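Residue numbering begins at 1 within each chain, and the chains themselves are lettered A, B, C, D, E and F in the order written.
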Amino acid sequence: MQVTVSRKAHFNAAHRLFNKNWSDAKNNEIFGLCSNPNYHGHNYELIVSVTGNVNHETGMVIDLKILKEIIYQKIELHLDHKNLNLDIPYFKTIIPTAEHIVKYIYEILKSEISEISEKLKIQITLYETPRNFVTYPATI
Amino acid sequence: MQVTVSRKAHFNAAHRLFNKNWSDAKNNEIFGLCSNPNYHGHNYELIVSVTGNVNHETGMVIDLKILKEIIYQKIELHLDHKNLNLDIPYFKTIIPTAEHIVKYIYEILKSEISEISEKLKIQITLYETPRNFVTYPATI
Amino acid sequence: MQVTVSRKAHFNAAHRLFNKNWSDAKNNEIFGLCSNPNYHGHNYELIVSVTGNVNHETGMVIDLKILKEIIYQKIELHLDHKNLNLDIPYFKTIIPTAEHIVKYIYEILKSEISEISEKLKIQITLYETPRNFVTYPATI
Amino acid sequence: MQVTVSRKAHFNAAHRLFNKNWSDAKNNEIFGLCSNPNYHGHNYELIVSVTGNVNHETGMVIDLKILKEIIYQKIELHLDHKNLNLDIPYFKTIIPTAEHIVKYIYEILKSEISEISEKLKIQITLYETPRNFVTYPATI
Amino acid sequence: MQVTVSRKAHFNAAHRLFNKNWSDAKNNEIFGLCSNPNYHGHNYELIVSVTGNVNHETGMVIDLKILKEIIYQKIELHLDHKNLNLDIPYFKTIIPTAEHIVKYIYEILKSEISEISEKLKIQITLYETPRNFVTYPATI
Amino acid sequence: MQVTVSRKAHFNAAHRLFNKNWSDAKNNEIFGLCSNPNYHGHNYELIVSVTGNVNHETGMVIDLKILKEIIYQKIELHLDHKNLNLDIPYFKTIIPTAEHIVKYIYEILKSEISEISEKLKIQITLYETPRNFVTYPATI
């Protein structure tokens, strides 16, 4: 049986939900306050879970110091104190909903962790607020 | 791959664990303090998780404003500041353990969310206290 | 300078806000859902803070094992899994608002802790829900 | 002795720290990432504490339903999902640091609560992140 | 469908990560500060999840009073206020990483809970710090 | 009126409560499990509060980046992953109770922050566990 190791991280960012193909009225109807043209923001909390076998010599699935450093270099430095719509090229065409952000983070970290081992599986949970959060891949 | 979207909610309620087919002595033996005939109560915390595909136009699995409103109308207004045994017809014959409450909430929300889409799967976690909680359907 | 030592505890209870001198209509107007005649309930979280000098031999203001035991014997055993209105004589005539409960707990613990030392000052914070709490004596 | 009653609330907003009288270089040196011209954001958590005597008829310092409504009408509707620098006139000339935001919220709520009673004292704690928070008036 | 019932517990312990077959230099390289020969420590938080059918008479998957007592007798009394490397025979030869501790706790509790019913499945989550935690069996 | 600015930090450490002038029996009687000769440990959470006037140009009481760096350099690097009794000279003669640790941290940070301004007042809260914490100087 395998063990899942999880690490929490966080970043603060501004964003706006807006579909360029829609009128302002439709954006307002679907996204409501989240569509404020001047942006609003969140303290995003992130849980990165890595599943794999426990190494017999180290007693670890993955060295948490390395995982922490990957999250810092690839996610925190990249997204913290940013405007997701304006500062992150990926979100110039993709609406930065929590669902899209969690998939974006998954792809970046999946690629990094695959370099350590192809066998490691990952899952990301992203809290947009303490009451709203998303998980990818899905839990059910 | 699908994304799971989760929303927290809460309600405060009184309840009592009591099996009408048992003697008071047996109720006391099995349920202990939870069987106090004058009731006790909890701040129930609720996590509603919805799994599905991400809509390409909205970037969402389900509109959280709609999910929040369903939880408010069907669960919070229904259960908040209530005595589960006396005020909720379902619990006149069913013992309001956390296991039974979580299934009851699941059935109500499953029916509501199926009207949005038959493809959406849901899972409910109910905290009776910060140290005791139940999840339905099961996580393992 | 003195140190404040704090200990968290908790109890679950049912209650109802109701002033016997008022009509049902007035109780409803003032207390709203909190006046439900069948009661509702909470997971009360309690912080007991004790201020005093640090004993040179033990390095402690008060032995936390003793403080924990006093809170358990005098508050948790007394209030946990109870209906405050029906099971606690004090609240037969006093409305069990958070303000009145925190004063009641203060008087019980003040008396107990004075037996250890007259010089120890205490302050109680009571969470009725994670979003509503009261402190006695006042913090400002 | 008086009781302090506290209520938590929250709002999500974007902001930027920027002193118009300084060069970009100096803004960068003093405010660092917080000065990103495209803004970043936070989930602000707010604790509003009100101190006063307990009313003998209601058992309350202040009706929490009224306090909750004041916070909703005057703070949450006003600041939630906003860009503090662009959408809130007060912060067009005042830098929206946590210190300035907490004072701004204090002045609005102090004025509202004084209309209920001149004798009520208030104190505000504002969490900008789970690790950074400010309190006004000061606690020490 | 089955329900998962979860109970939180905690213990405080000292430990050190150290592989006897490696040089001090290699231990330092792999385990860093966690290899301090004088030990360091944690407040370990534990979630024990039990999955099974709901008993029709009790409305429970497992009596939480019994589960709480098993965790207390077999885990808390055994590990609380201990030095894992020196006081727990199992960790004289096995490195007390979070991965190994969670497996050790799983084996103890699996054996205890199997005596209640062979059909109950269990899963353990162990928080070493609020930001680092492990789950066994794996969640993904 | 002044504002209080607070910053949370944390460190993990092992310790043991032991008075060299007492017999083992008396140490056991007073300190119980906390006196285990092989040590136990905690995730210490720290809140550093600084009170002062708000600077008109920066909108700040103290630059949080500087406060964070002081806490990191003087407290976290000094105490994290350490055995307080063996690795920290001050605790070779002083029992490392939470009361003594919070005073020790206060003296270090008071000295550092006085170099920024003599007018700044500080207060430290130290959580030994989520249920036990101490504050210096005292809050009441």
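Following the convention adopted for this analysis, contacts are C-beta pairs under 8 Å (C-beta built on N, C-alpha and C of every residue); 3 or more make two chains touch, one makes a residue touch a chain.
Being a predicted model, the structure only gives us computed values, none of them experimental.
Student: Using direct touches as single steps, what is the fewest number of steps from chain B over to chain C?
Tutor: 1
Student: Using the contact definition given at the top, which chains are in touch with both chain A and chain D?
Tutor: Shared contacts of chain A and chain D: no chain.
Student: Between chain D and chain C, is it the same set of residue numbers doing the touching on each side, over half shared, or a different set?
Tutor: different
Student: Which chain's centre, taken as the mean of its Cα atoms, is farthest from the centre of chain F?
Tutor: If we average the C-alpha coordinates per chain, B ends up farthest from chain F.
Student: Where the centre means the average of the CA atoms, what chain is farthest from chain D?
Tutor: E
Student: Compute the distance, rounded to whole Å, between the mean C-alpha positions of chain D and chain E.
Tutor: Taking the average C-alpha coordinate of chain D and of chain E, the gap between them is 42 Å.
Student: In whole angstrom, what separates the CA-based centres of chain D and chain F?
Tutor: 28
Student: What are the residue numbers in chain A that touch two or more other chains?
Tutor: Each of 130, 137, 139 in chain A touches at least two other chains.
Student: All pairs of touching chains?
Tutor: A-B, A-D, A-E, B-C, B-E, C-D, C-F, D-F, E-F
Student: Going by the contact rule set out above, which residues of chain C touch chain F in the complex?
Tutor: Checking each residue of chain C against chain F gives 1-9, 49, 51, 54, 57-61, 63-65, 121-123, 137, 139.
Student: Show which residues of chain D lie in contact with chain F when the two form their complex.
Tutor: Listed in rising order, the residues are 17, 19, 21, 30, 32, 94-100, 102-103, 130-140.
Student: Mind listing the chain E positions that touch chain F in their complex?
Tutor: 10, 12-15, 33-34, 36, 38-43, 80-83, 86-87, 129-130
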